[in-house]
């Protein structure tokens, strides 16, 4: 079973040479720490920066240079700043190759819910609806089940949707799943996790074909 | 009767303090020479410059700094350069206060034709269709009649239209006309030109109310 | 050159009235028009509709207007970084319209650029699209979204000149350029108002034509919402 | 940093084939991708559809492609500064689609920004709107125009870096930024290719994400179409 860093580490393997990547808040932010350093990748943040670097050293924070999570950041050589309309031109125009974001629920048809829980204070969707509606390549980073043990990998989302039919891949603490033909296809198991455990934690249709390898991290 | 410079001089009186102005090719370009220098005005050219100045001195031409007529120009302090989409945002968004352009024909309902003569080589509309469709305030600079003496101030345009119902004012070699309620309202006569002469040269409905003053240039 | 400079904050906000719709630049607390917000509090105008990506924190940014109950409706993509906002929203005192961030930016840009509406894929199939026209182009579904209409835009830039030309710094740019010229009157406050001619015409982010008033701002706090640092080895 | 630099013009134009749709930046002869045009002539590709505001003059710019009869269709707002263009157009050899200039710019920008279509007032009631959907918003009529689809965009910038970041100079900017990222592959040629890190991230007109290939251009002629000067007193 993976922890948050494990999930991030596994997702980092999906990042390919030449990719522009948008990372959501939470586990996705950790992905940057695990991307191979022998490939060329640039991170975009939708508040208007391309070419994000690591957090600044203490005392070097600049209030005018933050990411979409409102964290102080640095930029790398080749970086650029731009306005919000241009930022979403990059996203909507599919110039950003990969979007990694968290979710409360995903469904076997690729629907995703990650912005609203009825009855609770709603903070808003931020850029998530634009990201999921636009990206060709969306990977969801999430826990397979909630704290009560209920599956978040569903036949149908129960929460208000963020986007429809858009999720292509899900990486959880238990498994890597590909979403196609109205089903979750089990691609890899987390270290030490059995197919049966994954099956049990998955409410949506799970397709298991052949021998399912354990992830190599 | 006015010559081209006279028409430009009369139109220059319509330019008010604080106006951003787009000048078309031909007579409109001359307007810049006659604008009072005690008011603040900026000239926009749709190829991407705001704050145009006079032509450069010989030897100071820069191939990278031209106007929409492809002429070498200079810029004044406070000028800016921008791309074509932004330029037409200024025009379409009605941030440009006044558009002055030439025409082959105008009609009493405000229609204008200035881009195409069937059977002749068509060079294109350039930015004219965007300008006439967007501007709140359009002044047409033109000759009242063609070289055969036929009126170009018509009940209905005969040439393919550039825009519909958009012309508010026309300044010709003979008169200043306001276009409203499906008629040309005679506002001023050119020096030495009688109402009868204007009437004769106007095919469209001409409304003459009260005493029509001669222009003061 | 058309001079847009005003000398006082009072002059800059002249004409702002209760019940108006205001756009305010900024992302989180980054690049917000701090001076304009302070003056809006002083003016005591109320029943405002505020279009801004976020709603500030309890004691800074738009939170200051929320404290005084000057806001009737917030149009944002992400809110709730402050308790008073949450209280007013849950009690029904405050109306909240949540809009996807890219849609929010483009609704401002559409107003600036004279487009009445546009089709975007964001929100299709979600409650954001409810009651809105949807349409298929090349096998993909889009939602028709309208341009915003606002009375005033308040933006904050790094440098500006008297012609109203603006240059922004870092990610403090964000929504500010999109909101210039998107309201009847755009008011820009700048950290540094420079003499005309000092800014390179090639390097202006927002030409002065999109700005009606510009003034030299003061006492910028530029509060950091999430100070994150790494350790030196 | 994702490196976009290519070392030869051949590499820059790799994949260009007869029958393709190309976007080419420039206004008149100002800011045109001179190197790319020269290479297109050498490649001898034909049946091209070219989207460009103008069509060059007889012996320069797109006129060079017209001379070799490589262009099947021109999409422009203003053409006919050259005799060969006129001859081909009148004889029916060359198809010409005239589009209002602002619509042309926005059709490129829509492709760049992922908008399938937009409503513009330009051309309403004229033959440009024939066969197109029209619609009223707030009492004004608009025409629905679609985003362009192109295989290659060729743009010319003043400075650029290996990350593909671009800065333009003066009115040589024009359509170039709108065409970046509006085709499957955007190829930028620059007067000066500078090391990464040399360009100020605040001052980049086009971020490298919109550019797939960048190369150092050579031998820019930058011909002036209408040399106009004033007398010194």
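Read from first to last, the chains carry the letters A, B, C and D; within each, the first residue is number 1.
Just so it is clear, contacts are C-beta pairs under 8 Å (C-beta built on N, C-alpha and C of every residue); 3 or more make two chains touch, one makes a residue touch a chain.
Because the structure is a prediction, the values reported are computed rather than measured.
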Considering only chains that satisfy the touch condition with chain A, which of them also satisfy it with chain D? C
By the contact definition above, name the pair with the higher C-beta contact count: B-C or B-D. B-D
Distance-wise, how many Å sit between the C-alpha centres of chain C and chain D, to the nearest whole number? 33
Separation of the C-alpha centres, chain B versus chain C, in whole Å, is 36
Mean-CA-position distance for chain D and chain B (Å): 28
Mean-CA-position distance for chain B and chain A (Å): 55
Where chain B touches two or more other chains, by residue: 49, 81-82, 85, 88, 91-92, 134
In chain C, what residues contact two or more other chains? 109, 114-115, 120-121, 168-170, 173, 201-202
Considering only which chains touch which, label the overall pattern as line, ring, star, complete or other. other
Touching pairs here come out as A-C, A-D, B-C, B-D, C-D
How about chain C: which of its residues touch chain B in the complex? 1-3, 109, 111-115, 161-163, 165, 181, 196-197, 201-202, 204, 207-210
Show which residues of chain A lie in contact with chain C when the two form their complex. 45-49, 54-58, 60-73, 81-85, 87-88, 91-92, 111, 121-130, 133-134, 160-165
If you look only at chain D, which of its residues touch chain B in the complex? 27-31, 53, 76-81, 86, 89-90, 96, 98, 100-106, 108-109, 120-128, 158, 168-178, 205, 222-232
Which residues of chain B touch chain C in the complex? 18-20, 40-42, 44, 49-51, 75-82, 85-86, 88-96, 134
Any idea which chain D residues touch chain C in the complex? 114-121, 137-138, 140, 142, 146, 167-170, 173, 201-203
